[in-house]
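As written, the chain order gives the labels A, B, C, D, E and F, with residue 1 at the start of each chain.
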Amino acid sequence: MFLHRKETIQPVKVDKPDAAFGILLLEQFGGATGELTAALQYWVQSFHVEDAGVRDMLQDIAIEEFSHLEMVGKLIAAHTSKLDQTKVYDAPLFKIKGGGPHFLDSQGSCWTAAYINEGGNMVRDLRANIAAEAGARQTYEALIKSCDDDGTKKTLHHLLTREITHAHMFMNCLAAMGKLTDPMFGNVPPDDTVKLVFNLSQGEDVRGPWNEAPDFEYIADPQPAGGMPPAPVNTDDEFHMSKKADLTGKVKDLVS
Amino acid sequence: MFLHRKETIQPVKVDKPDAAFGILLLEQFGGATGELTAALQYWVQSFHVEDAGVRDMLQDIAIEEFSHLEMVGKLIAAHTSKLDQTKVYDAPLFKIKGGGPHFLDSQGSCWTAAYINEGGNMVRDLRANIAAEAGARQTYEALIKSCDDDGTKKTLHHLLTREITHAHMFMNCLAAMGKLTDPMFGNVPPDDTVKLVFNLSQGEDVRGPWNEAPDFEYIADPQPAGGMPPAPVNTDDEFHMSKKADLTGKVKDLVS
Amino acid sequence: MFLHRKETIQPVKVDKPDAAFGILLLEQFGGATGELTAALQYWVQSFHVEDAGVRDMLQDIAIEEFSHLEMVGKLIAAHTSKLDQTKVYDAPLFKIKGGGPHFLDSQGSCWTAAYINEGGNMVRDLRANIAAEAGARQTYEALIKSCDDDGTKKTLHHLLTREITHAHMFMNCLAAMGKLTDPMFGNVPPDDTVKLVFNLSQGEDVRGPWNEAPDFEYIADPQPAGGMPPAPVNTDDEFHMSKKADLTGKVKDLVS
Amino acid sequence: MFLHRKETIQPVKVDKPDAAFGILLLEQFGGATGELTAALQYWVQSFHVEDAGVRDMLQDIAIEEFSHLEMVGKLIAAHTSKLDQTKVYDAPLFKIKGGGPHFLDSQGSCWTAAYINEGGNMVRDLRANIAAEAGARQTYEALIKSCDDDGTKKTLHHLLTREITHAHMFMNCLAAMGKLTDPMFGNVPPDDTVKLVFNLSQGEDVRGPWNEAPDFEYIADPQPAGGMPPAPVNTDDEFHMSKKADLTGKVKDLVS
Amino acid sequence: MFLHRKETIQPVKVDKPDAAFGILLLEQFGGATGELTAALQYWVQSFHVEDAGVRDMLQDIAIEEFSHLEMVGKLIAAHTSKLDQTKVYDAPLFKIKGGGPHFLDSQGSCWTAAYINEGGNMVRDLRANIAAEAGARQTYEALIKSCDDDGTKKTLHHLLTREITHAHMFMNCLAAMGKLTDPMFGNVPPDDTVKLVFNLSQGEDVRGPWNEAPDFEYIADPQPAGGMPPAPVNTDDEFHMSKKADLTGKVKDLVS
Amino acid sequence: MFLHRKETIQPVKVDKPDAAFGILLLEQFGGATGELTAALQYWVQSFHVEDAGVRDMLQDIAIEEFSHLEMVGKLIAAHTSKLDQTKVYDAPLFKIKGGGPHFLDSQGSCWTAAYINEGGNMVRDLRANIAAEAGARQTYEALIKSCDDDGTKKTLHHLLTREITHAHMFMNCLAAMGKLTDPMFGNVPPDDTVKLVFNLSQGEDVRGPWNEAPDFEYIADPQPAGGMPPAPVNTDDEFHMSKKADLTGKVKDLVS
């Protein structure tokens, strides 16, 4: 059950409303790396994670992300509070669609659940969450660099900080399972190609711990090992129907 | 520059074509966790990653993922090779849209670049890649469990294995930067709330290394610290225009 | 600030888990008429609605809808609790993407913010909300009719009921503003065509209070009043560049 | 059967072509509140509405909306008629994608059928239509306020007017069914919670006809009535498989 | 200006309603190759095509496609006319979303304007239209093969036929401009690489009129001609900031 | 199997980095007419095309398009190489999402597989490809016209040229099958309406080879030939349930 208090979880302060900056802030309201993505991703995972501890952690963080989504929304509302004094081409998104936040990113694209990464396995979910936190942190850094309002910056700094906290929590949880530094998980062990690294992009090749012994065996000039795959045999094309044996020849015949 | 050999990188063998199973396989061709997502994510990262070693690794793996996309596509082509003998409601997707792979997932939804997670920072990118590998591995496990064709299973097992290899490579790379087990990265240090954990979802609370000292300070009953945010002052509503001072009262007046 | 209690707002009970029915339930978790749409629509409106009373109402209902989203999610989790005993083609969505809810509809399409209707005006928002409640109620009725599990039906019945309550609240609010039965709102009065009704679809024409006097003036055989619009004059086509005066003639010349 | 006359239904006049304003106009051509949404929504409803009178009304209005879509398109075509004299960054959308209208909104996002609200019930459809008209009216007001071309304004004023007319028609139709002011409809009566209102968002609480007696019973401090829901029991995680009884303990064991 | 007659342009007859087949028919109502795509593509082109003859042709065909969309919709309405006697899992889409057509494809995905191909040039538009007709024809053939209702088949046969007619019209129009068999168009002549064909996919190479002299010059073993591109120099990564000169070395140093 | 060489297939040179122009270039990286669309469309077709010659051609061109995608990506990377010296509102997309290419179009919309046109028939596929090439060529022309950097222009000119080459190859291939100038293909012959042309859009009617004898028979004033379609009989509306015989009357009764 959800409950709500109208005060925000942390202060939201905007010194100088700027609707153009409000558009950039949408990236963290309705964008791929935004708070809605984080809140819904962690929360939806909590429905299928069997471990009560991990489930509690996911819900605690999800609820904080909803509270952060609210903070970003309040920032945007404050930045559009003088929209009637804003010229249309300075903030066309808000002038046409209305002030305040919308579930759009800074390019005006609708939020989509395709941003969410989850399902079927707790290790997979936690790795997805560390990635989500990294994306969110990165966008907050970009917003801070583009911002010249001190109040807004302070709020964004707090939100950036919390992404680090959450990443730390997810990492400790994976570490507790032994899965922070172990690439393997799940119920299917790898086959015997697991140590091979293929140098498929040639030129300026670089060697390092990601493709060297002892963890890896480097194949400097990889060749196809799969042989020629069978050709398809089921399209509707009328050309194929008459003469399957020599289709290429047939096309050539047609022009000779 | 891309080059192509018509032989596959590893063998693709289907013993018993089954168009219905081909629909499930689409998840790894045109789905969120599929090979197209992986190939394009790693490859697009390589354009902005400055480090030549990481860039080379991203390109090597991306090219392998394109080769895996081809293997999944060949699996699907083989499973639809007897489509003319398949009843329409056993595989409606292929009967209506044609045999062979399409850039759709197992639910028939178009692939979208919203699945991709990348941008602006190498650590963020590598964390996104570990998450991508975990999702792909999980889907391959689900497909193997749902599959009763030995040839297909063997191919899927290889593809699952390689996701583990790639995760290992990305992990070693992050470890080399000291960022595999450190939640912090980027150019903005956190503020002083970085150790707080808020127990926002109450009931069945569980304590563990993800919310305990020494890394964290647990707030058992968090309260709003932000105060009441300002109300919006810029909508177009004609009610607001006439009587901003007491809008609530106004609505109540209207009915008394 | 959001808070959460792990108990649900109302009971969720599933007597006989049925993953296939779980797929249908997704319509109200991640579908157009689902609880996420309602929760986010009302909540995002609350950021731009100036009236404190309407804002409070929107937030109260939004929080209830989040709590309902949780109930639907718990229904789905319960229906997929025996997924390992389910055949793959009975519930392919869950077998491939994992058990529990996802932000997808019953057809496997990702939730999108394009489902949300809001912006710029309180009357517009409230009308959108009455429509949203009507869609949700309709889908719950469809689910109840398709359901043969008594526990599930009882939960769905409660959720259907609450959509009626919310619609009632929105209606009373609009009535308080005098806008429940008055089509007009906003700051721009209509022009003098406001009473005209055009019989543009001819055959089986029916007259009724929606196209009769005194509210309307019926035009039985409407004719174009706008005259011929100007032709475009700015495409890149090279044909146009050479001979703008007589383009049609030109194409005819080319074949004679 | 559709027929077309090349003259427009009402005059379209642009005094001063302005490609930048043309981009804003796209909101009503290919945007959520635009004429395509209205035309297709009403028309698709007409296929499943059994009542011949309502069906005729839906078709009459749908055909008018198609005619309005044409008017908006002609406005856009006129505003891009001097595109070759426009600087690229003044109207990049048209410079790259070509002049004239496209099925995109003012942010360049593709029109999607997710904007449409319809299905299964005439009352639900009509409520959706009143909402659609309100959104369209609101966007026209925003466009008029952002416009400084008298010819364009006059056309937009007519289009805004017609949304009021259509809303009036839909309202009269609902009133004829007794469903304009009655929240209830459909074949399932509500359960006994229908009068409850939950004060779930606390702080600045406001009372009014939307949450007061006699229509409603206000619960000032709502508590969870559903009890603790069952935990999920079907994920693929290998941790869960080994030790279902005490999963939380297990994770804690791993680190001690 | 649009006008409508309630009779259909050609007969629509369904002998045996079958809601499952109705789902397949959605492909031509709200799918990529469907009548909505065709109608909107040709019609939106007519706004920017300067040539009055081509514009008239586009509008004539567009209006016919709207009339065909209506026919497909009536087919679907007829196939869902006994929906109350249909089991839920035989046609879940209609049971949950309501009978009659929706702007979804046979997989339940929303129609999107991303299906439309148009803009900026008449030759480009006409080529896109020939492609659209080919896709529509192909889907009608697939539907006819999957159909066992004679009335439905006859209607589909007519709709398939008309796609051939339209393709013929578009071809004659391109031929009149000399652009049916000439690959070149537009205002920019090609550079001197226009005859080269690169054998980039090696193995099972086939020669034919599409890669042979005199039209083409075949490069059997193409090599990169572009040299090494510059590395990126502007990401936010803190590793890059400290030591741009030897980034690869740096990562290696970190682990030694 | 895919292979990669780090040198580009043709030179990529940017004389003056301009992040704003980089945004426009995204249209050919992640846009509808871009290189990703072309590469994936031709390549996915190759899985179902039975003819070995056409399959080889599709793969050769697909691999070239991947190499072109790389060139466009390198152009964008170069144009964003001085992003730290760019003002945020000059290139907000890159400032917020990071430098280098992304799979977005110039409007910031995600690439979607809905752009791809393929399936089930070789003739259909090849027609789709000619259309794809025409769209790509048109966008390159638009970009060249908007560009003032000589290096960039030269690269774009090469890419435009190659679209002409590919169109030529596809045309020769269709000509070899006799399908470049013949509208008919597939396994279903047309019915006897194949020569009719309906003048459905009246006013400014133009006659030409696309609607004249001997290929066509022109119907100057077409009338509906289908008769009145049956009304739907299966919605859930409670009004319908009580009184199916005279629904219209019923609604009228309600208000009298």
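FYI, contacts are C-beta pairs under 8 Å (C-beta built on N, C-alpha and C of every residue); 3 or more make two chains touch, one makes a residue touch a chain.
Note that this is a predicted model, so its numbers are computed, not measured.
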Both-way neighbours, i.e. chains that touch chain E and touch chain C: A, B, D, F
If I list every residue number at the interface of chain C and chain F, are over half of them used by both copies, so same, or under half, so different? same
Taking each chain's centre as its mean C-alpha position, how far apart are chain B and chain D in Å? 29
Indicate the residues of chain F shared as contacts by at least two other chains. 1-9, 47-48, 52-53, 55, 59, 62-64, 67, 74, 77, 80, 97-100, 104, 107-110, 112, 114, 119-121, 123, 138, 141-142, 173, 175-176, 185-187, 200-201, 203-204, 206, 208-209, 224, 226, 228, 232-236, 248, 251-252, 255
For chain B, which residues are in contact with chain C within the complex? 20, 23-24, 27, 105-109, 138-139, 142-143, 145-146, 200-204, 224, 226, 231-241, 244, 247-248, 250-252, 254-255
Show me the residue ranges of chain C that touch chain A in the complex, using the header's touch definition. 1-9, 30, 36, 40, 44, 47-48, 59, 63-64, 66-67, 70, 73-74, 76-77, 80, 97-104, 110-114, 116, 118-121
Which part of chain C faces chain F closely enough to touch in the complex? 138, 141-142, 203-204, 206, 208-209, 228, 236, 248, 251-252, 255
Okay, in this complex, where on chain A does chain B touch? 5-12, 32, 52-53, 55-57, 59-60, 62-64, 67, 71, 74, 77-78, 80-84, 98-100, 112, 114-115, 117, 119-121, 123-124, 127-128, 130-135, 137-138, 140-142, 144, 157-158, 160-162, 164-165, 167-173, 175-176, 180-181, 183-188, 190-191, 193-201, 204-211, 215-216, 222, 224-230, 232-236
Of all residues in chain B, which touch chain E in the complex? 1-7, 47-55, 88-89, 92-93, 95-98, 104, 107-110, 120-123, 173, 175-178, 185-187
